[in-house]
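Listed next: structures, encoded as structure tokens.
Each of the next two complexes has subunit A plus one other chain: subunit B in the first, subunit C in the second.
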Partner chain A sequence: MAKRGVVDYIRETQVWKSIFRHGPPTNARNRAAVVAGNVFLHLHPIKLKKSGVQLGYTWCMGGLTFFIFLALTVTGVLLMFYYRPTAEYAYNDIIALKEHVPLGIMREIHRWGAHAMVITVWLHMFRVFMTGSYKPPREFNWGVGVILLVLTLLLSFTGYLLPWDQLAIWAIAVGSNMAKATPFLGHGGPGAALAQIGDFVMVSDKNDVRFQLLAGRFVGEPALLRFYILHCVFIPLVVGVLIAVHFWRVRKDGGISAPL
Partner chain B sequence: MKELINWLADPIRSFPIVSVLFFFMMKYYRVVGSKKFAKWSLIAAAPITVWFCMDANFRAIILWPDNIPINIIIVLIAWLTWYALYRAAENDKRIENGECPIEALPENREKVWVWPNLVFTELMCMIGCTIFLVVWAIVFKAPLEEPANTTWAPNPAKAPWYFLGLQEMLVYFDPWMAGVVLPGLILVGLIAIPYIDTNPKGNGYFTIKERPIAMWGFLYGWIVLWMYLIIVGTFLRGPNWTFYGPFEYWDFHKVVSEYNVNLSEFVWLKWLNTPMPSNIILREIVGIILTLVYCCVLPVAIAKSKYGKKIIENTGQIRYYIFIILVLGMTSLPIKMVLRWLFSLKYIIALPEWELNL
Partner chain C sequence: MSEKKQLNRREFFSFVTVGWVAFTSAIAGFLTLAFRYTYPNVNFEPEMDFVAGRPNDYEEGVDERWKNGYGVWIVKMEGRLFALSNICTHLGCVPNWLPAELKFKCPCHGSGYYQNGINFEGPAPRPLERYKISLNAEGKIIVDKTKIFRYEKGQWDNPQSFLKV
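After this line comes the complex of A and B, so read on.
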């Protein structure tokens, strides 16, 4: 009989067995059990085509996007401990983050991670297009992916306002001025002038899409709170749901694409 | 030499250059997508990059912390586009010889265990990504400018870099087109792709020969109309959204006299030599007719042509018309750019009374 080490002893304790319901993944049965019985791994199939693990085929961009999303969630929550979304405190809280938090690179990771996520999403789409992976049966999931792209950009965009510095408010000013020009819905867009009955203006700067976005006519404190909630709660929730749909569909549509 | 590059980088010249380069890249993708080509372009690009970076003005632009992501994506896109062309060229050669694509070889279709094959790859990617982000975060501090001040606007006020392609389009279009309608069309068009492109070939492997229209269309939009415009908007647009060459100092006093004329002014004042009519519809009638021809007559005319017939035969009427409208929406940008440069044309339809400029 082979010598039993400490590892084997631990593996046989009731505590270990209650957490991991399978043995070491050294044989086929246990390798399947590891993937099927682990909440973090069970999104994977048990086996997949070899092309699905080749970096030259997948570029790993979808996986990295999800990983960066998780990293941003974690660093974002950590940042929330230090940050208050008011015009009075926001800027100083960012300064404090820089000066008083030991080894503070959370803000850097969060900011560069946001850029990196935009990059990986784009490159993921690029790969999916180049390999024709949007073709049946994956049409719907491509559409979900496009919505996730939009939400990624919106997440990044809403985060821009939070430091409350010059770059923040003017970048948002440029962006929200485009919303002003939405046809029929923005007061500076075509069609707004038609929506007028006598002296009563239906689309004005007090009720158009830009007003809804900024919660006011200019980038000010109400906009800061609105962008904060959008950035930290609303959009991440929607993204979370859509990521679940996206991954589930990848499995149901036959896994990572491969030649038919 | 630097003067020449500054001169060439102006969108008036660099946009046609990039478009022509794109045309050659796609036409000779088998040459471009070869290891030899990659090797020689790297050998050629290395000293040029070093020489570029020796210039203080150029370095100041590319090392600005918020521009680092764009440097990264430029390098990644250059590499991955080459790599995709390389894989496509290999597959196309095989398909011509009657073989299957590399991805469809029996050894690549063989199934492997997720544990440890995929899980290990994922772990390595996650570790690599973490290291990359941490190093990036240590080397480049997140910038923080002066506190928000609503009474003093920076010049230029730029949107986040991934929207700078749209901001660049503001030069040629009204905000409602550049900021709302065209981005909307991009998204609707992207979602519509799988429903328009009914070509069953090229599903799950790299190829260009088997789906040329999809490849040309997507790559032109992605590389030339999206990435190139972002690069221009980030690196080459300075104060007042004026063009600055890559070696040029961003001098706030640079004045560019530019006077753009609407089509209606051309028609009534210049050609017919009469004052502008007071009826606004009559005033803009030529532009309205041209736009209607572009949006309504052109699709029908193309449908009658050889290519149009072929597309309709493959996909059907409805798909054809959705496809052609999306393509015309996309080509409206280069058309507008060229008209601006050649004729200083501002708007084809100018109805500021209705906020409707086209």
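After this line comes the complex of A and C, so read on.
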């Protein structure tokens, strides 16, 4: 009769069994159940081709991008403990993060991480393009990836103006002027002049997409708050959903980039 | 025993249709409200028109007293008083007035403008805009930023764009 160890005892407790509903991964069925029953592992295909996970082949740039996204989420939440998105406090809070806070390097990690994520996204797309992994049946996922690229850049841009320094204010000035030039939606864009009935201007500086972004006609405190919400909540939520779709599609389309 | 009411296929689909119509219209209604919600009814922004004292309050040259509040330079030169916009025509930054060099200089990409607003260096594609300027019954200056005058359209000779002094 085999001696029952502590591990066996823990594995038989109700707590353990309520978390892990399968036995130890000692046979093929349980090995599959270990993966399929784990929310963090199940986005991966249950079976991977060896070529798909070789670093030389895929560069792991998508995985690195996701890792950096998680790191940015963690450091970003930590930054939220000190940062206040108002014109009076924003800049001083960023200075305080550097000088008055233990591990003020958190802000540097967040910022360098943002740069790194843009680079890894680009390299990821470069690899996908060069290996032809965008071709059918993976073309839908390429489209999702392009939207994720745009959202990555928007995350960088909305984060760039949160310190509310000179760089930030002129960046938002320029960015919101680009919104002003949106066709039909911005009052300075093509099509806005057509949307006029007599003296009634349908697209004006009081109801166009720029007003919506800035919560006003000028760059000011409401714009800072609005971009803070976009940066911390709105865009990350959309990115999170699209990342799930992206990974799910990867899994459905034959794993990581291996020839079909 | 009470008779149990059974849905037939036709009735079932009509229920599904009603359900979907209600669901989608609820979502559409919420999205409409959410969209409207992002447009505040009141903004605490400076007015688009303001009273800027009397013409004799200004000396020859560029006056910066309304720049921070309203984004306007009052310039007096060559017998004319006009209200110059402080928005760079390149990307919308705010240039600085450099009295020593007699020019407006944008800090972002180096666009330069003469005292009259004409661009002469940097990426700015056209001169600064001027705003409508007039005198009220008391002889005070009214600047109206809703009406702009552009040099490249030949509008700076419009009598509403300057005051004779």
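Quick note on the criterion: the second predicted complex is superposed on the first by the 218 of 260 C-alpha atoms of A that agree within 3 Å, B and C clash if a C-alpha of one lies under 4 Å from a C-alpha of the other, contacts with A are read in each partner's own complex, and residues count from 1 in each chain.
Note that a residue touches a chain if its C-beta (ideal position, glycine included) is under 8 Å from a C-beta of that chain, and two chains touch if they have at least 3 such contacts.
From a predicted model like this one, the values you see are computed outputs, not experimental measurements.
*Asks:* Between subunit B and subunit C, which one contacts more residues of subunit A in the superposed model?
*Replies:* B
*Asks:* Answer with first, second, both or neither: which of subunit B and subunit C does A:212 touch in the superposed model?
*Replies:* Only subunit C; A:212 stays clear of subunit B.
*Asks:* A:46 contacts which: subunit B (first), subunit C (second), both, neither?
*Replies:* So A:46 only meets subunit B here.
*Asks:* Scan A:198 for contacts with subunit B and subunit C and give back first, second, both or neither.
*Replies:* neither
*Asks:* In the superposed arrangement, which partner chain does A:108 touch: subunit B (first), subunit C (second), both, or neither?
*Replies:* Only subunit B is touched by A:108; subunit C is not.
*Asks:* For A:56, select first, second, both or neither according to whether it touches subunit B, subunit C, the two together, or no partner.
*Replies:* Only subunit B; A:56 stays clear of subunit C.
*Asks:* Give one of first, second, both or neither to describe whether A:150 is in contact with subunit B, with subunit C, with both, or with none.
*Replies:* Once the two structures are laid over each other on A, A:150 reaches subunit B alone.
*Asks:* Quick check on the superposed pair: does A:170 touch subunit B, subunit C, both, or neither? Answer first, second, both or neither.
*Replies:* both
*Asks:* Share the list of subunit A residues that count as touching for subunit B in one structure and for subunit C in the other.
*Replies:* 166, 170, 173-174, 177, 218, 220
*Asks:* Please output the residues of subunit A touching subunit B within their complex, sorted ascending.
*Replies:* By the definition above, subunit A touches subunit B via 25, 28, 31-32, 34-35, 41, 44-57, 59-60, 63-64, 67-68, 71, 87, 91, 94-95, 98, 105, 107-109, 111-113, 115-116, 118-119, 122-123, 126-127, 129-136, 138-139, 142-143, 146-147, 149-150, 153, 156-157, 160, 163-171, 173-175, 177-183, 186, 188-194, 218-220, 257-260.
*Asks:* In their shared complex, at which residues does subunit A touch subunit C?
*Replies:* Touching subunit C: residues 166, 170, 173-174, 176-177, 207, 211-212, 215-218, 220, 222 of subunit A.
*Asks:* What does subunit C use to touch subunit A in their complex?
*Replies:* 38-40, 43, 45-46, 91-94, 107-108
*Asks:* Sort out for me which residues of subunit B touch subunit A in the complex.
*Replies:* The contact residues of subunit B facing subunit A are 66, 68-69, 72-73, 76-77, 80, 83-84, 87-88, 100-101, 103-104, 107-119, 121-122, 125-126, 129-130, 132-134, 136-138, 140-150, 152-154, 157-163, 166-167, 174-176, 178-181, 187, 190-191, 193-195, 197, 200-207, 211, 214-215, 218, 222, 351, 353-356.
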